[in-house]
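Two complexes follow with subunit A in common, the first pairing it with subunit B and the second with subunit C.
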Partner chain A sequence: MKPWKKIVLALETVLVLSLCVGCWNYHEVENYTIIAGLAIDKGTGGHKYHLTFECISLMGGKDTPPQPVLIEADGDTIFDAVRGTISMTDKKLYFSDCKVVILSKEIAENGIKPLMDFFIRDSEPRLTLNFLVSDEPTAGEVFRPKLASQQPVSYQIAGMLQSQYALGRVLAIPLYQMYDILGCSETCDESLTLPNVRVVKTKGSEMVQTSNNVVFHQDKMVGTLPEEDGIYYLMLRNKLSGGLIVTGPDGGKDITLEILKSSASIRPEVSGTNATMKIAIQVNAALAEENTDSLQYNLANEKFRKVEKMGAETIEQNVKKLVADDQKDYGADIFGFGKRIYEDNYSDWKALSPRWEKVFPKVKCEVHAEVRLKNAARAYPKEGT
Partner chain B sequence: MENRGGFGSAKLPSDELKTNLEYIRNLFTGDETIQFRHLTSPYQTDWRFCLVYADGMVNNRIVNADVIRPLLEYRFPERPGDPAEFISQHVMFSDGSEKTAEVEKIVQGLVYGDSVLLIDGCAEALVLNTKGWAMRSIEEPESERSLRGPREGFNESILTNLSMLRRKLRTPDLKFHYRTFGRRSRTKICVCYLDSLINHDVLTELEKRLDDIDIDATLDSNYITEIIRDKTYSPVKTIGSTERPDVVASKLLEGRIALFVDGSPTVLTMPHLFIEHFQADEDYYINYVFASIGRMLRILSFFVSISMPAIYVALVTFHQEMLPTPSLLSIITARQGVPFPTALETLFMIIVFEMLRESGARMPGLMGQALSTVGALVIGQAAVDAKIVSAPIIIIVAFTGIAGLMVPKIKGFVIMMRFLLLGFSCVLGIYGYLLGVIAMLTALFGTSSFGVPIMPDVYADDAQDYKDIYWRTSWKKMLRRPKLLSWNHNRQATKGKAK
Partner chain C sequence: MSDHDHRTEHKITARQMEDMVALTLISSTVVTGSSDIAEQDTWFCMLVAFALVIPMLWVHSQILELYPGRDYYGNILRACGPVAGKAVLAALLLYSLLLGSMYLRVFGEFIHTLNMPETPLIVILCAIAATVIYTLKNRLYVVARLSKFMILVLIFSILISGILGIGKMDFNNLKPVLQRGFEPIYRGSLLIFALPMGEVVACGPLFGGLDRKSKIFPTLLKGTVIAVLALLFANVRNLLILGRAATIFTFVSYECVSTISIGEFLTRFEVLIGFNLLLGGFVKTCVFLFSTCEGVAKLFGMDDYEPLAAPCMLLMLTISQIVYANMEEVFNCEEYLPYASLPFQVALPVAVLIVGKIRLAGKKKRRKPKKQICTVPSAESGAAQGP
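Presenting the complex of A and B:
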């Protein structure tokens, strides 16, 4: 083959290939409106959904930080509402940098499965999206506050969820895990929790806060866990990597333990229609604060062991209370007990699963907690010197 | 007379000085640098000579002291049977003296700085070595500087260059073979190798290719390179070039063959592996750890230099989701108000950078400063402020450029690949980029230099084969020569096991 013929053939190949693949996908970044977050409310004017987009306006120039701008649209499906925005802005909305989706209570109570589909099916939104439930009357209100940092509210919320490892209060379940939990709920009846979000008004400024776990029965919201139970919920779900336990002698609250590591194992025991969950929790902690007049606990001190015991008792009590409350109030298996039975002994689960709704509230719980104090962050003189 | 560079076996026409002189004069009609010096011995006036030489090509001192002086001072006897032989043996002080009647030899000698002594009554002439023309002194080559190691570099004289090599490898194993190329330039070249080390297949192949050369002139070694290279249209270098004697010596020691071309300070070495682009001579003169770091950086910057603009365009125009949110935001902010699409903008800035580089390369020193001011200020600052290009592009292009300067030996290939990959990724995004890289690697792995694959990974099968590729191992551990380059693999005879 002559060299020029080879070149012509190569050029033709590239030309044909370029028509087949990806070429349509060339788009300039500045032709997109970047969405930081999205709020879903019940629709107005006969539409099913009312969407509030928190977008980032980048027209401010180099020196001003990106300003959040709100765009609202109604639609019968999520995508319908998304496309509806083009009549209001000249640019297409871009979902890849969307971090959070806020749901109104009403939407959450009606079931969230239908609206998850768009986010999973479409190629732009990430599967690491976080869903939250608004404490405010509407979900859109969450985006209204002007934050002191001038940051988009959505990014602030995303940042707070990421820093949960130091607080251990709410459990952020990203979209792909939500899909897993809801997707397999027919087999193991696991229930979902999502973090809540509310606007906090202090003197002169507004902030957003996420502090509670919202309980779903399957995909419908049924209630909220108390704020102080959050850490024990995370502990049970084995998702805790930080946080504080406040304990003290005789139910007092003057000693603070900082959790360094926590692991929980749940061992189900099934006999007939009764199930018992043996929960073993092991916590490594540090003595972080003694809010008392006299410092009495140190590593060389035998009283130190007492602190470990106190901590373990506090954990046991609270975990028991958390499970009991959930069984009584919501009957939602947010701890994945069903899944544990399913994993542990499939024949047991097969027998239990048709009645799991009724069995779960009666599941017995045996909690054994162990706290190990690793340090006290202080050097003490030896006893008696 | 059309002289196409050959007189065949023509001989001097007669034994009369006058006729022979006339003949030579005719050959060089219109060449006024040819000087004719008539001489007659004061003691025997029937000894008449004419010395012919090219002005400027000879060393006048040698001509005066070693040729003219003995001729005039020698007390000639009665004429012997062979006067040319007699003079060559008894009179001349010159070190080289060849008796010949062949016009070809006489003419070649004349134009190459030899003096030709015509003797009355003799049909043969003496070609005397009186070469001596002005020559550049031995300097450190501009393009291959190093902090440590020898500082000498080749100059334009083939004899000087060969002597520099000879001084490094003092063994009779070192062979030199002369050839002459160029119908008009009659350029001397020398094939040079260590006989016991080379792969003789490579030598045979080289000689076959050299035999096929039919060219007017070879003004630089690149004339030869382009004719004897493996693939005429391939952008990959398959013949190495260097101006440093130490580099040539080390390549010969690995079993390569060197080709010296008279008039060119650049010596060719072959076969040439792709990794040689990233090996610097200094790698072998400094601690091997630092040398290896430097070499890996060079390989990395090769990839950075060919990929950076392509990946940027692919990320910004196809795969925005791969950018972290803050950098996406800042790129969007920077792109506000820029009229051109990212692809065009990148292409434009790369071309501007290449222009700056190319103009800088051949710029007289004094103008260089103005150039860098214009380059830095106008392109860097003003273009961004005027919203003609966006700021990230400047960073990308600067990065690309710096990385490219780290591997000067492969400059042309880098520039070509940069544009090619950019083109691919403008059309197909990251798929296009990968397609381009795959095509590049396929081509590289399929290329060979004189029968030796240029990517050593093709045949490397144990650690010894990698000891001078991506990193340089300590000399203590480099037991073997590169495979395929040499038929004699043991570098350290007492330790290495032949394989």
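Presenting the complex of A and C:
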């Protein structure tokens, strides 16, 4: 067959296929209420849940950006509340573009596994959906501020989570990975963290902020990690691809290192009922700022090695502190130590798993960090200049 | 051109046959994602199941070569005699009919659950059934030619989804390797052996249309190897991306690929898995229907399967509606199906081959003395003439 005939036949095939798509389920976009995000609070009037939906209003002219509209409903299950909205709006809610689910603290403290079921089971919500915990008294309040950008709050939060690679504060865990961790908790006792979200009021305007990781013991919220520990938590979870380390001589904070690449390996060693985690962290960074009167460090300078050492020490101290605090305060294996033993030393894990909750707070950590400075950004100041 | 000419002139090449076998084995598992019993060790179960199915491929190829003509069901009838042969034939065609109906239902449920919940299931199934009938009415070589084209689309979509998903993969999900004991490996291997590897029994009747120059066993083997590689790739991709969550989804591959995106502008790759379903599932249904029709035709001494395509498909359609009360039963039956399938996939073909070989050897023996008596005077038998 001649090549052009093949091309024509291929085009014909595509044309026929495009005509054969199922039209029974065809819907006009105007017949749907598109959900950008939803907030889940404790229900009122005897109901289990109170849901606040941030919807996209497609009314208005060509040049008007989509306006967020809030719809609220109560229900005994998530789906019950979702369908309850039809009595308020004539349109069905459409979840395929839903980006975030905000949970109130109360809901998070009572366990989130039951309410995840709807999102994992229904065919409309995406598995890449992100869950967050509200710092405000209710989850619905997160959707209230009118942002300067006029875009829906949910889309702004989703954008902030996507940009975490440059900040490295909170770990955004999509729905399917949440299920992986919670599913794993049955065999590996791994615990979950979710980002928090709060409304920040500045003069004349309001905005939303996500800056902390909320700690869960299995599926129940037990506390929050300090904001400054976020970067080291991400580092341990091997999810860090950016962010800053502020370090300096004698515990000072004059030098800023920008992380270019970070990798952590955790090697478990088990003897009897004691477990030790040997953590090796390797960070490639750039010297981004030297906030001192006289510049001392440059690539050609021997002192440059000192900066690498200072950075490594800062990482080691903070990682040790993070693990110790979590062991003391929450006893939740948010680092996946148990999973690491399960994966690498399965026979040891079988012996440890029945009492992992008691073993985890006593797990010892040996942290070795190595920082390699790759450049000093675009400036190359000489010593003393 | 007459129907008979149609049949004789359009032989299926070895390559087309390989692709048809591969698509038959791949299609359902590429959507449902294969066994979850052995979890992270499923890849090993696939290799075990593949090793186990190789002897069965040889058995099927030997049945096809028992007598000239490569007529699978015809050879069964000749090997086992009219009564036992017809009983075996009836059992095999009922197996094809039932399995075809079950898969038709799964494909329909996939579209119904994920893409068109408001479209009644029967409408979806009727659309598939009508296309299958039309294609088979145009003879098997049409399905074979389609397979050659479709397998490329399927392999491309599996590969591209794997490559685009590399960023989301966690290779620790494969650990611990083979540490969970013998039982999950045994059960997982048995399930994959029965579904889909053992289903190669339904491909036996296809070989009547194979080009006479092509060898049967290498063709069957190559088709199975393509299927195993595609299934392995899809299974490992699902496990690496979804981790433990891979065990909770009804259609794992679909959910796995739905998580893949390139930024904000290239998302919703799961449509690729939809393609796999439409293409692979279509060929699979055609193969099972052909196997059923061919069996019925041989059972009742009919010349050709073609007039049976529509009635058998309607039967399949009806059974598909009653075979499961709900989707949960589809997955629950995975526990029992391996044991229910083994008699059809292993016991009957092996028994047929043994009986066929014994009867063939007996015939040769009976023929030999006659030959010796007749040919003693001739120069044909040197031994008889003696030194």
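FYI, the second predicted complex is superposed on the first by the 353 of 385 C-alpha atoms of A that agree within 3 Å, B and C clash if a C-alpha of one lies under 4 Å from a C-alpha of the other, contacts with A are read in each partner's own complex, and residues count from 1 in each chain.
What we mean here is this: a residue touches a chain if its C-beta (ideal position, glycine included) is under 8 Å from a C-beta of that chain, and two chains touch if they have at least 3 such contacts.
In this text, all values refer to a predicted model and were calculated from it rather than measured experimentally.
Undergrad: Should A:D97 be classified as contacting the first partner (subunit B), the second (subunit C), both, or neither?
TA: Only subunit B; A:D97 stays clear of subunit C.
Undergrad: Look at A:I120 in the shared chain and tell me whether it touches subunit B only, subunit C only, both, or neither; answer first, second, both or neither.
TA: A:I120: touches subunit C, not subunit B.
Undergrad: In the overlay, answer first, second, both or neither for which of subunit B and subunit C A:Q177 touches.
TA: Second partner only.
Undergrad: On the A-aligned overlay, A:E343 touches which partner chain: subunit B = first, subunit C = second, or both, or neither?
TA: The answer is second: A:E343 touches subunit C but not subunit B.
Undergrad: Of the partners subunit B and subunit C, which touch A:I56 in the superposed model: first, second, both, neither?
TA: first
Undergrad: For A:M1, decide between first (touching subunit B), second (touching subunit C), both and neither.
TA: neither
Undergrad: On subunit A, which partner's contacts cover more residues, subunit B's or subunit C's?
TA: B
Undergrad: For subunit A, which residues lie in the overlap of the subunit B contacts and the subunit C contacts?
TA: The answer is residues 22, 25, 126 of subunit A.
Undergrad: What residues of subunit C sit close enough to touch subunit A in their complex?
TA: Answer in residue numbers: 111, 113-119, 123-124, 172, 175-176, 179-180, 242-245, 247-248, 255, 258-259, 261.
Undergrad: Quick one: in the complex, what on subunit A touches subunit C?
TA: 22, 24-25, 120, 123, 126-128, 174, 176-177, 179-180, 183-184, 339, 342-344, 346-347
Undergrad: Touching subunit A in the complex: which residues of subunit B?
TA: 233, 316-318, 320-321, 325, 328-329, 331-336, 338, 341-343, 426-429, 431-432
Undergrad: Which of the residues in subunit A end up touching subunit B in this complex?
TA: Going by the criterion above, the answer is residues 3, 14, 17-18, 21-23, 25-30, 32, 34, 56, 58-59, 61-62, 66, 94, 96-97, 99, 124, 126, 155.
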